[in-house]
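Each of the next two complexes has chain A plus one more chain, namely chain B in the first and chain C in the second.
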Partner chain A sequence: MSATAERPPGPRLWRNRRVRLAVFQAGFAIALVAVAWLAYRTTADNLARRRIGVGFGFLSREAGFSLGEMLPLPVPDGRFGLFALSLVAAALVAAALKGLAGRLGSGGALAIGAALCLAVLLANRALNPGFESFAPDRSFLFAIATALANTVKVAALGIVLATVLGFLIGIARLAANPLVRGTATVYVEIFRNVPLLIQVFFWYFAVLRTLPGVRASIDVLGIAAINNRGIFLPRLVPGDAAATLVAIGLAAALLAALFVALRAPRLSLLRTGAIVLASGAAAVAGGALVLPDGFALEYPRLTGFNFSGGMVITPEYGALLLGLTLYTAAYIAEIVRSGLAGVGRGQTDAAEALGLDRAQTLRLVILPQALRIAVPPLISQYLSLTKDSSLGIAIGYPEIVSVTGQVINQTGQAIEMLVIALLIYMGLSLGVSAVLNWYNARIRWSLV
Partner chain B sequence: MVAGLATAGRRLRPLVRALAGTPGNALLSLLFFVAIGWAVLRLWRWAVAEAAFGTTPESCRAVAGACWSVIADMWPLFLVGLYPMEERWRVASAAVVVLAAALPFALPALRRARPAALAAVATIPGVLLLLYGSPALGLPVVGPEKWGGLLLTLVLAVVGQTLAFPLGVLLALARTARELPVVRFAAVCAIEAVRSLPLVLVLLLATLIMPVFLPATLPLNTMVMAQIGFVIFSGAAFAEIVRGGLQGVPPAQVEAAAALGLRYWATMRLIVLPQALRLVQPALVGSIVSFVKGSSLVVAVGLYDLLGTAMLAAANDKWVGHSIEPLITVGAVFWAICFTLSRISARWERERAMRTTGAR
Partner chain C sequence: MKSRSMGVRFLSLKGIALASMMVVGWVAAGVSVSAATLQDVRARGHLRCGVHIEKPGFSVTDSGGRITGFDVDFCRAIAAAIGVEARFTTLSPQQRFTALTSGTVDVLLMTTTQTMGRDTTLGVEFPFINFYGGGMFMVRRSSGVRSARELNGATICLSQGTTADQFISDYFRRNNITYRQVMYERLDDGLRAYVEGRCDVFTQDDTSLAAMRASLRDPQEHVILPEVLSKEPVGAVVRNNDPQFAAALRWIFAALVNAEETGVTQASVAETARTTQDPELQRILGRTGTLGADAGLPADWAVRAIQAVGNYGEIFERHLGRGSRFAMARGVNDLWTRGGLIYGLPIR
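What follows is the complex of A and B.
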């Protein structure tokens, strides 16, 4: 402390290291501000010349374009507050789950999840915002929300499918059987080394779009149809009693989760999940016997030039999902393989000495330890998949990037859209990594 | 003879056990054998036995398999895009120069020589000048909007990586500069913002925002703007890898350098960076591979790289309906580049592991 005071009258001021560092940083900051100011002036000039306004006011203007794919959203036009509120609620849910899961175990976490779903359902009934689909006369904000829903729709399913496939292939990479091992190796080397966009184009232009036309659709047992406009599947249509049924199911799931939390707090997440799901499903099935007007199956039917009714997997969605899944699965397989290889040989020997068979050894001894190695790279792989879903722009799947491009073309508000896209992608990254970090922390606790 | 058979039998025994040690495993082997055989047979019939190898659309009329005629007809487009016919010798000579510059890296004795790497980097401006042309040298100008196919893919990848690497190193140094909080904060913001965005969006924004940010008088075309976006994206990714390497260098190295009286830049250049980069070399090659693959995303901003020209060929009236053959061809080229790169990296890593264990 006193060293500075007692320092001998040293070199001049500009020889002082701290002074020089401060001067350098001040210079850097000034240069940065100057560049920013210059860019701002040029931007203002350019925007004025093109008659483009500044600010986020354009978001509530009419979009004027249509989107090829949309989910009905509880986002009535202009009611931005509700939309923002639901995002905040989702963030709170994640935070609450993260904070409480450690203390309550998996049953507690799922109980909170079920309770929240129930609360959202009841709030939904009470507020009755109604679910609406995007249309060209709706706002730009609605278009962006729809795009976000589309991104989440393809990324979430992609993550699940790629994980399942990736784990299978990763385990097959270490199989004793050379045929199995070789097939897995060839798969990984092919799918990892070809650009994702080529794979997506392949599935889109060379496979899904070359299927027969609507009139010559491939009929699957009379309940589904496959043609170049998509895969048409039956769909569950909610009746009048649907909300009641779902509420009953959620309540049963909540009870089951609470039961587990109180009686068997150390049960694994997988088993708790199975119990909770089974009791919810049983309650719904039981309720359906009493309330006949719950859900009905609606089959796709050929009317005029296209199918109507049921639900459709569009070629765009299908190609993007296939591409993302198969590409990411190759990377996940490598992560799983190195995770498995990272578990010491002694563990297998010890498990064998305890009399476990190969499947038990894998499930009870190897996989739990391999997961601990694999989770951090898995997180970044899931983030990559989410970001890679932006390739939808190249085949006309309306996810965030393609809608961002469309909005910029329409309005010229490039900088505002950059800010929005940045916020959305950072939010998605934080969301994915929050969930997985929570999981990571959990498996660490259970092991140490 | 009998003895020979017996040895062969003994050699085969582990294989037989691996394939059919238990009844379940034997069934699995049979299943995979049948499936692989069926797939290979189908592929052979489609790609070779029943395929057309002509040069005209007529040659594909009668065949049930692949129509490779589209490749035979369109291959110059795939290689150089719309580069003018009479100037293509320039691309060919550029390719010769590049191959000559890359040759030392194939020879283990020369690979580690710094002059070889510097010479290879130094050829890049010359090659670009040759491709772009200069009236003073008697070469007509061929603007980047005419570059396409494999040429564009390689220019984007090589120029992009060459510029992105120093940018990434600078950003990583800025991010790890403990005594410069302002610089560090700026670097963290820049790196994290760029890294949270997908490459397509960065390319899209580069082509849409740069004309707004920059004075209207600057001559900007899509290829240059996409290249800048690509450099920024790759630089941020490199920065994070290099930072990992910097953190892996023991602090004692920096202290020792300080004790020797080395200044900051000398310490970094001579002591820290060589060790840091060697630590993360596999990750660096991995990200170079992913940028080579990523360069195909310029299709989304309307450039015709290798993938773009494949789609262009498939959209040609003459070859309408033949998208699978160009896509597979282009995929195979990308695959060959990426697979080779990752193999080379794996071999370097093995060689180094052997050297270090040998030294101990």
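What follows is the complex of A and C.
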């Protein structure tokens, strides 16, 4: 406060706006800490008086139960640590290459992507981190991690599908053709005005569960089966030479991307992507001729009670994904429509005056500007979708809320598990909004 | 922003939401859970019992809104012995321990299995076991399955809030066979999923499996496999900070069993209390001695309890046995004198 000493005698200290604000802030912070401390102490006292064990020690205990869906998860042992390090190293290399990409255009960007994948694949081959599925002899922590994976599995795909569908319907809402426009309007009104839980129930109880039973499965060309226990699909099973094949494909993609970057740096991302993908696929196909032990298709077969082999989309996952996607797509369509409507009519006129056709106008002029309006509300939609995945508990999908209840029932550690569930949802939400805020900032910078 | 909270409130987070509210109760300094439950109950004028929302035979709400059932009658007996009215709070299995330890209810009577883990870590005590059950499997008759050992690769439907997820996992691990499971939040959904063919097997404690089978459209189409997969001794649960209350409950239960052992019934108890010459019955029914007062109960505590709901056997037959649509045999829940496990501790 030496600066104030040199000022002419002004208002008294408590009249000083900055001082006053600082005092208020400090007071508020102290009150907040005091309340938190009081709540903590009271809870701890009450629990101790009731002789209820507290702490997170139970997380490492054996769970002793199973879950409906279990994705293999990386198990953190020594090798996994090395694998994580290799990921960080690959990301650093990518960051270093980014400067180069600025000048090299889309080819450079894809080259970085391919190089990154190649690096991770090679590291994976070399270090072979253990991926293991949850089992009853695993810990409660592993159960919670599996639940998180299940939530992410449905939320991530839901976000992608809802976005694609939402954009299509949003654009259709403004179409000139009354049939298209009308259909889109009906879609939005139906899916937006029925509570999500009812929709999830509809897909689960009225659609997917009424499919024929296992013995009467709908057979799809002898390679897939549909029944009330899920959609059973063939699965690619990697053989001994699989990693080599993928490495060959990635290397070809990398070379193609570098070629484009050096020879045709102005080629659009779409075309570059097509070239890179085609090169990679061609290399894999060629390699497969030489290396027969690359990939094999495993078909689902009816053995005993159920289909085994291949992969399955369970009715629980399917209904939740359908419900979340269709419901959120209706909201996204409205956001896209408002974004499109928010771009001035003059922009369309100007684009037409320049001789752009309808599609070009939409793609090059209207959509980029509409996105700037649409992205912030989109973020909330994505957050909502992520949190709404907790409705999975109602139809037997083992997501975080469901498994939290299961663990509370087994251990009685309600406070600890609620805190964990809270932190997980907060982490997911903050993660989603961080990514989109970064994207939002980027498109604003590039367009302003 | 959007009106999607409705669904969440109404179902999916129900258990968690209530648990959270109770956690808030713990956090709030004002809530005091006293260690003198009997005095509190008398001062309040009613006993607060936590019971199942819907468990056929054990706790069901009839069309008139009256709660009845095996567990419900034990609550009424306890309330009557204390000399107060019984009030019921329906709870989901996930909510029950939090509801009890936070003081929302005084006692749980909702087929809660006594396990070592619960006894030692949850701050609760199990004053008596009123039913010896076990986890069992139900399958479709047409599946041809006769033993649980033949269930390799089967899909099993179950619901949250039971010990089923643990005992099936134990059973399949012990026998080195595999299974898939679908776990629903609500018992009804699990049963419905099984009926519709989502699963090959439905699993529950036998406390409700027989009742649920009886409620199906075609009970003959379903068989309960002979294997008893787990031991499920279920009974009352109280907080472990009040030994006097726990003791009172233990002896109220003992009185109901002693009544069956000595042939004292709901109809005859008043008469017996006045006329009996048996010194033991005189003690139990409060004619002599100070056992009631010593337990913090009225002198005629046992008479009140038996008058309210009858002896153990009468309660069993009324809700689970011959007097009910389940027609369950007494089995291990018969008196020890007839080869069962129900044993009336000596009241002296």
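The rule is simple: the second predicted complex is superposed on the first by the 294 of 448 C-alpha atoms of A that agree within 3 Å, B and C clash if a C-alpha of one lies under 4 Å from a C-alpha of the other, contacts with A are read in each partner's own complex, and residues count from 1 in each chain.
We take it that contacts are C-beta pairs under 8 Å (C-beta built on N, C-alpha and C of every residue); 3 or more make two chains touch, one makes a residue touch a chain.
Predicted model only: the values in this text are computed from it and were never measured.
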Which of chain B and chain C A:G64 touches, first, second, both or neither: second
Which superposed partner A:I190 touches (first chain B, second chain C, both, neither): first
Partner chain in contact with A:A282 - chain B first, chain C second, else both or neither: neither
Partner chain(s) touched by A:I395 [first = chain B, second = chain C, both, neither]: second
Partner chain in contact with A:T303 - chain B first, chain C second, else both or neither: second
Which superposed partner A:R229 touches (first chain B, second chain C, both, neither): second
Partner chain(s) touched by A:Q406 [first = chain B, second = chain C, both, neither]: second
Partner chain in contact with A:S380 - chain B first, chain C second, else both or neither: second
Which superposed partner A:A156 touches (first chain B, second chain C, both, neither): neither
Residues of chain A at both interfaces, chain B in one complex, chain C in the other: 39, 42-43, 46-47, 49, 195-198, 210, 388, 390-391, 393-394, 401, 404-405, 408, 414-415, 418, 421
Chain C to chain A touching residues, read off their complex: 1-4, 6-8, 10-13, 15-16, 19-20, 22-23, 26-29, 31, 33, 93-94, 97-98, 101, 117-118, 121-123, 143, 151-155, 157, 160-162, 165-166, 168-170, 173, 179-185, 189-190, 193, 196-198, 200, 239-241
Chain B-facing residues of chain A, complex: 21, 24-25, 28-29, 32, 39, 42-43, 46-47, 49, 176-180, 183, 189-190, 192-199, 201-202, 205-206, 210, 387-388, 390-391, 393-394, 400-401, 404-405, 408, 414-415, 418, 421-422, 425-426, 429
Parts of chain A lying in touch with chain C, wherever the complex brings them together: 38-39, 42-43, 46-47, 49-53, 64-68, 136-137, 195-198, 209-210, 213-214, 228-229, 303-306, 308, 314-316, 331, 380, 384, 388, 390-396, 398, 401-402, 404-406, 408-412, 414-415, 418, 421
Touch list for chain B against partner chain A, complex: 15, 18-19, 21, 25, 28-29, 32-33, 36, 179-183, 186, 193, 196-201, 204-205, 208-209, 211-216, 289, 293-294, 296-297, 299-300, 307, 311, 314, 323-324, 327-328, 330-331, 334-335, 338-339, 342
